[in-house]
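Per-chain residue numbering starts at 1, and chain names A, B, C and D are given in the order in which the chains are listed.
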Amino acid sequence: MTIIVNKETTVMVQGITGREGRFHTERMIEYGTRIVAGVTPGKGGQSVAGVPVYNTVDQAVRRHPDIDTSIIFVPARFAVDAFYEAVDAGVRNIVVITEGIPLHDEIKMINYARGKGVVVVGPNCPGVIAPPIRVKVGIQPARSFRPGHIGIVSRSGTLTYEISDYLSRSGYGQSTVVGIGGDPITGLDFIDVVKMFFDDPDTKGIVVIGEIGGDAEERLARYIRDVGLKKPIIAYIAGKTAPPGKRMGHAGAIITMGMGTAESKISALRSSGIEVALTPMEVASLTKKVFG
Amino acid sequence: MTIIVNKETTVMVQGITGREGRFHTERMIEYGTRIVAGVTPGKGGQSVAGVPVYNTVDQAVRRHPDIDTSIIFVPARFAVDAFYEAVDAGVRNIVVITEGIPLHDEIKMINYARGKGVVVVGPNCPGVIAPPIRVKVGIQPARSFRPGHIGIVSRSGTLTYEISDYLSRSGYGQSTVVGIGGDPITGLDFIDVVKMFFDDPDTKGIVVIGEIGGDAEERLARYIRDVGLKKPIIAYIAGKTAPPGKRMGHAGAIITMGMGTAESKISALRSSGIEVALTPMEVASLTKKVFG
Amino acid sequence: MKLYEYEGKEIFARYGIAIPKGRVVSSHSEVPEAIKYVGLPAVVKAQVLVGGRGKAGGVKIVNSVDEAIDRVKSMIGSSLRGAPVRKVLIEEAVDIDRELYLSLTVDRSVRRYIILASREGGVDIEEIAARSPESIVRIHIDPLIGLRDFHVRRLMYELDLPEYGDLYNIVRGLYSIMLDLDADLVEINPLVITREGRLIALDSKITIDDNAYFRHQEFFDKLMSEERDLTEEEIVARKYGFSYVKLDGDIGIIGNGAGLTMATMDLVRHFGGSPANFLDIGGGANRERVKNALSILLNDRNVRAIFINVYGGITRCDEVAIGIVEALKEHGTQKPMVVRLVGTEEEKGRQILEEHGIKFYVSDEEAAKAVVEIARRG
Amino acid sequence: MKLYEYEGKEIFARYGIAIPKGRVVSSHSEVPEAIKYVGLPAVVKAQVLVGGRGKAGGVKIVNSVDEAIDRVKSMIGSSLRGAPVRKVLIEEAVDIDRELYLSLTVDRSVRRYIILASREGGVDIEEIAARSPESIVRIHIDPLIGLRDFHVRRLMYELDLPEYGDLYNIVRGLYSIMLDLDADLVEINPLVITREGRLIALDSKITIDDNAYFRHQEFFDKLMSEERDLTEEEIVARKYGFSYVKLDGDIGIIGNGAGLTMATMDLVRHFGGSPANFLDIGGGANRERVKNALSILLNDRNVRAIFINVYGGITRCDEVAIGIVEALKEHGTQKPMVVRLVGTEEEKGRQILEEHGIKFYVSDEEAAKAVVEIARRG
C-alpha cells in the first residue's frame, strides 16, 4: 500500500497548458500516472500530451467522474480560485505546486479544505510520488526514487531528492514520498503524514526531513511521545547554521520568538526516540543501522 | 439510549440572565437537566437559579470543562456572535432557541458548524427533550411528554407538543423529541435525525412532523427509498390548505417553484412506505395500528 | 420586504449593473420631462409588487409624448392584479437581441447560495422550470468561500457567453447586493443582450430578509416612508407582529405556532369546512395579543365562525381566555366561536371561559367538527 | 516588506486607531514647523526598521525647539544599529498611565490568526514571552469566520479592560489592516492608556506579505518610491529574485532549493568551515541566474572560497555549468571553487566543467570537506 495516492488515483491537471503544467504532465504520464483531464479556462477542446483540456473543473469532473486528485500549476494570483474550484467539484486530494500564494489566501484555503476532509499537499511543494506503483503527482525527478518500504515526509524539494537518492543507492527504496511544502501554512503537517505511514502496512520506516522555523517538528515529537514510536523514524533538520530572525528562502524557514531552532527540534525529536542524522548522507547510514 | 443528549449531557445557557433564559433555565433544572454555567457579557459573577454566570464562553468552559452542550436564548442580533463563541470553545451540541436570525447569518453559521462536526438544533426551535432520562435542552412544556420508545422529529413547536401529548395519552411515550426549527436553514434536517433514530436501540418507531415549504420531507422519502425503512415511520404534514406563494408563519413554510406542497410531500412519503396521518390525533391511532 | 422595480434598479446602478435610462413619475404632469430625458420610443411600466404585470397590461411601448401621457394617466390610480398603481417608470426602449434570466437566491435544501440562470429570459422562471427544467443553469455557492471567479466562469460557459466580461460585474454586483442588503432574492428578468452586445437589466426583483431589519434600519425606514402597496396581511403583521394570511373560506382560525395553526386549518378542511385565514399569535402571547387577533377576525365580514386552537406551552391558557373575554366585551358576540384550550394553566383558562359562558373543547377534532357544523348552519 | 513607524501610523489613522499628533521631517529645517504643530514637550523618533531603537538612543524627549533641532540634526544621516536614519518622526508627548502590548499575526502551527496581548507594553514581546509566558493573552481567530465581537470581549476581560469600548475599534482596525493590506504582522507596542483614559498607539509595526504584491501594486510601488533602508539581501532579492542572507563566515554557498542550501551550509559547518551566506537560486534556474548568483559571491570580499551544491530536478546541470563558466570568464578565477553537481543532465554539466578545468564532486560530503580545507589553507 501507499499513502494519499494509490493504483486507482485518477488525476486532473489545473493549468495544464502552461509551460510547467505541460512539461510535468508529460513527465507524470511517462512515470505511469493516470491523467485523464486538464483544465485551462479558454483552452477547452485542446489537448496536451493526449489529455483533453476543459474550460472548467466542473466540465472535467462531469466528463471524468473518476477524477479524485488534482494537481495545480496555475500561477499564484489565479491558484486560489483554481483551488476552490477543485474543492467545490468534490476532488479528494489536491496537490498545489504553485509557489508565492499570499498567506491570507493560504490560511483560508487550507482551513476550508480541511473542514471538507480534502487532503491538500502543498502549497509550494514538489508533490507526492509512490515508486512501488509508479504514481507521481508532482514535479520530482523520477531518477531519485526506487520502490521500497521507507516513507518520506519533507518540507523541502531538492533536499528530499538528495536524501531519497542516498537511500535508493543504499538499497532503501521508498513506499511514498510526500513533500508537504515550504510555506508557513501547509495542508498537511508532519503528524498527519506520519500517522498515514504508521497505518500503511507497506511502510516499514519513516524519514522526516525538517528545517528551522515553526514548530512542526516539535509537535511531531510531542505526538510521538503521546502515541509511541510505532515504526522507526529517522529525521534530518536543515538550518543548523541559520541565524535567528532571517528568512531562509522558504517563508517558513525563520526562527522567531525563541522558537524553531534546529537545536530545539533535534533535541525534541531525540527525546521522543527518533534518530536524528547530522548530514543528508547520514540519513542513509542511520537507516542501515536501524534496519541492518 | 437517546439521541443528541444523554445522561452525561452538561449544559451551558447563553443569555441566561434574560427573561426567557432565566425562566427556562429554572424549568430545565426542574426537569432534571444538568446545567453548570450561564454566560452573559457584563453579568459575570452573578448566579441564576444557583447556576454561576460568566462573562465569556471561554471562561465558562475553562471553569467547567465538562460542558458539551449549549442552549442559546440571546436576542437575534447578538445570537450569531454567541453561536460562533460556542463553536469556537469546542461545544459539541448547540441548541438555538432564538428566532429572527437573518438568513445570511444562518447559512454561514450552519455551514461552519457542520464543517466542525458540531450538532446544531435550530435556530428558531423548541430544542431537544429526552423523557427516559429526564434531560431537556429546550423550552418544551414537560407535561406533554412521557418516557417511551417513539422518536419524534419536527419542524414546529406547539404542534409537536400536541402530537406528543396524543401519543403519551395513547400509551406511546417518547425516547427523544427533536424540534429542528422552522427557519429555511436549520442545523439538522429530517434525514440527519432519522438516521440517529435508526441507530438508537431504544427507539422503536419514529414520528416525523413536517410542514409545507422546502423539500426536507421529499428528501427524507428519497433517503428511505435508498436505505430502506429500518424502523416504522409515521408522518404528519401541516399546511394542506395553504395556498402557494404565501408565507405561513415560519419563514420556511412557503410553497414556491411548484415545490413543497403538502400533496407532493405526502405522496413522496407514502411511496417510501411511510404511513401518513391526516390529523394530529391520527398520528396516535396509526402508531397504535403499527405497534398494536 | 419586496422592492419596486425602480428601487431595485437604483440599487443595480449603484452596484455597476447597467440599466436603461429611466425616470419614475407619480403624475402625468411629469411625463414630458421624463420623455425628454429618456427619448422616444419609450416604455412605460406600472410599479407594482405583484407578478404577471406585463400580461395584465402594466407595460406599454409609447411613441409620442401624448401617448405616454395617456398611458400614465390610465395607469396611475388604477389597480393591477389587485395592487394599486402609484408610480410609473418611464424608460428608454432598448434594442434587444437576446433575453436571459439571472438570479441569486438561497437553496435551502443544500444550505447554499444558488445562481439560477437560463438562456430564456422574460419568462417566469417557474414556467421554465416546469417546461424544461434541464435548461436552467444552477450553480451553488458555499457561503464559507463566497462567490469566486470560477462560479462566474462556469455560468458563462454554461450560458455559452464567454465573451461577455460584463457578466462578471453583473454577477459580482448581484452577490454584493444580496449580502450587503440581506436580500434573499435578487433577480434580473430579463437580462438583455442588446444588438450592440451590451448587457442590460431590463427588470429588477429584490426581496429583503425582514429578519435583518436591525442591520439596515435607515434603509428600511426610507423604503417604508414611501407609500407601498402592502397587503392587508403585511399591515397586520407590521402592526401586531402576527403571521396572518387571508384565505377565501368562512371559518376564522387562530392558533399559537405556525405548525399548529396550519394543522388547525387542515383539520377544518378535513371535516368539510373552509378556513378564512391563517393567524398565528406566536409563542407566549398575552391577553392583549389574543384580543387584537380576535378583533381582526371579528371585523372580517367573510368570517362566519371562529376557531381558536391553543396548545399552551409558553403561552398560558388563562391569558388566552382573558384575551377572548375582553375582545368579546369590546365587540359584542356577533360571531359564533369554538375554543379549544389545553396546556399550561388549562384549568384556570377553562374556568374563565365557563364564567363567561364560552364553550370550550379538549379535543381538536371535536372542536373542528363543531365549528364546521356551526359555519354550515350559518 | 516592513513599514516604517510613520507609515504604519498613517495607516492606523486611516482605520480609526488613535495616534499621537505627529509630523515626519527629513531635515532639521522642518523642525520648528513640526514643533509648532505638535507642541512641547515633544518626542523625536528616528525612523528605522531595526528593533531596539529606544535602547540605541533613537527616541528622545525634547523640551524646546532648539533641543529638537539638535536631536534631529544628530539623528539624520547617522546610523542606528546599522540602519541609516533618513527621517525623524516628531510627536506630541503623551501623558501615559499604562502601557499595553497588542498585535495580530498568524499562528502557523494551528493555521489561525492570533491576537497577542499583554498588560506589559513597551517591552519586546519575545522578552515577555521568555520571562512570563503565562502573562501573554493569546486569542485565536478562525479565518473562516474572521474576527467576531466575542474575540474582542475575551481580550477585554483577559486584559481586565471591559470599560474600554475603544478597544473594539482598535482590534477591528488591526484586523482590517491585516486583511486589507495582506499584512502578516500588525503590532502596537506600546498601546497606551492616557491619564484621561484614551487608548493611543504610540508605535506601529506592520509587515506586508511580499507574495501579495500583485494585489497592492500601487501601494507597494508608492512605498518603494520612498528611499528605504533595505538590506543588501533585500536589494539582491528584489533585483534577481534570489533568497539571499549574509552570514559572518568565509565560505560562500550557492544551492538550489532552500532546504538543500541550508543543508549545504550545515555540512560546511559540520566539517569545521564557516558559511559566508545563504544563497538559494531556486528551482529551474538558467545560466543567467547562476552567473548572477556567482557574481555576488565573487564580488564579496569576505568570501574566500565558494561551494556550489546543485541537485538537479527541474534545474538542469548543464545550464548550471554554463552559468559557472560564464561568470568565471567575466570575473577571472580569483576565488577557489568547489562544485557538486548531480541530477538532471548531470553528464552534460560535468563535461562542460571538465572542458573548462573546473573540478566537480558527486558526494556532497566530500565536496564540503574539500571546500573547508581550501578555505582553511586560504
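FYI, a residue touches a chain if its C-beta (ideal position, glycine included) is under 8 Å from a C-beta of that chain, and two chains touch if they have at least 3 such contacts.
Nothing here was measured: the structure is a model prediction, and the numbers come from that model.
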Mean-CA-position distance for chain C and chain B (Å): 28
Gap in Å, rounded to a whole number, between the CA centres of chain B and chain A: 43
Gap in Å, rounded to a whole number, between the CA centres of chain C and chain A: 53
Touching two or more other chains - residues of chain B: 108, 112, 115
Multi-chain contact sites of chain D, meaning residues that touch two or more partners: 142, 144
Category of the chain touch graph - line, ring, star, complete, other: other
Chain pairs in mutual contact under the definition given at the outset: A-B, A-C, A-D, B-C, B-D
List of chain B residues in touch with chain D within their complex: 41-42, 44, 55-59, 81-82, 84-85, 88, 108, 112, 115
Complex contact set, residues of chain C against chain B: 106, 108-109, 111-113, 125-126, 129-130, 142-144, 178-179, 182, 184, 209, 211-212, 214-215, 233, 243, 245, 247, 255-263, 265-270, 275, 278, 280, 283, 311-315, 342-344, 363-365
Residue ranges of chain A touching chain B (in the complex, touch as defined): 115-116
Interface residues, chain D side, partner chain B - complex: 142, 144-145, 148-150, 153-154, 157, 162
Residue ranges of chain A touching chain D (in the complex, touch as defined): 76-77, 100-104, 107-108, 110-112, 114-115, 126, 139-141, 143-144, 154-162, 165, 182, 184-185, 209, 211-212, 214-216, 219, 236, 238-243, 246-253, 256-258, 262, 278-281
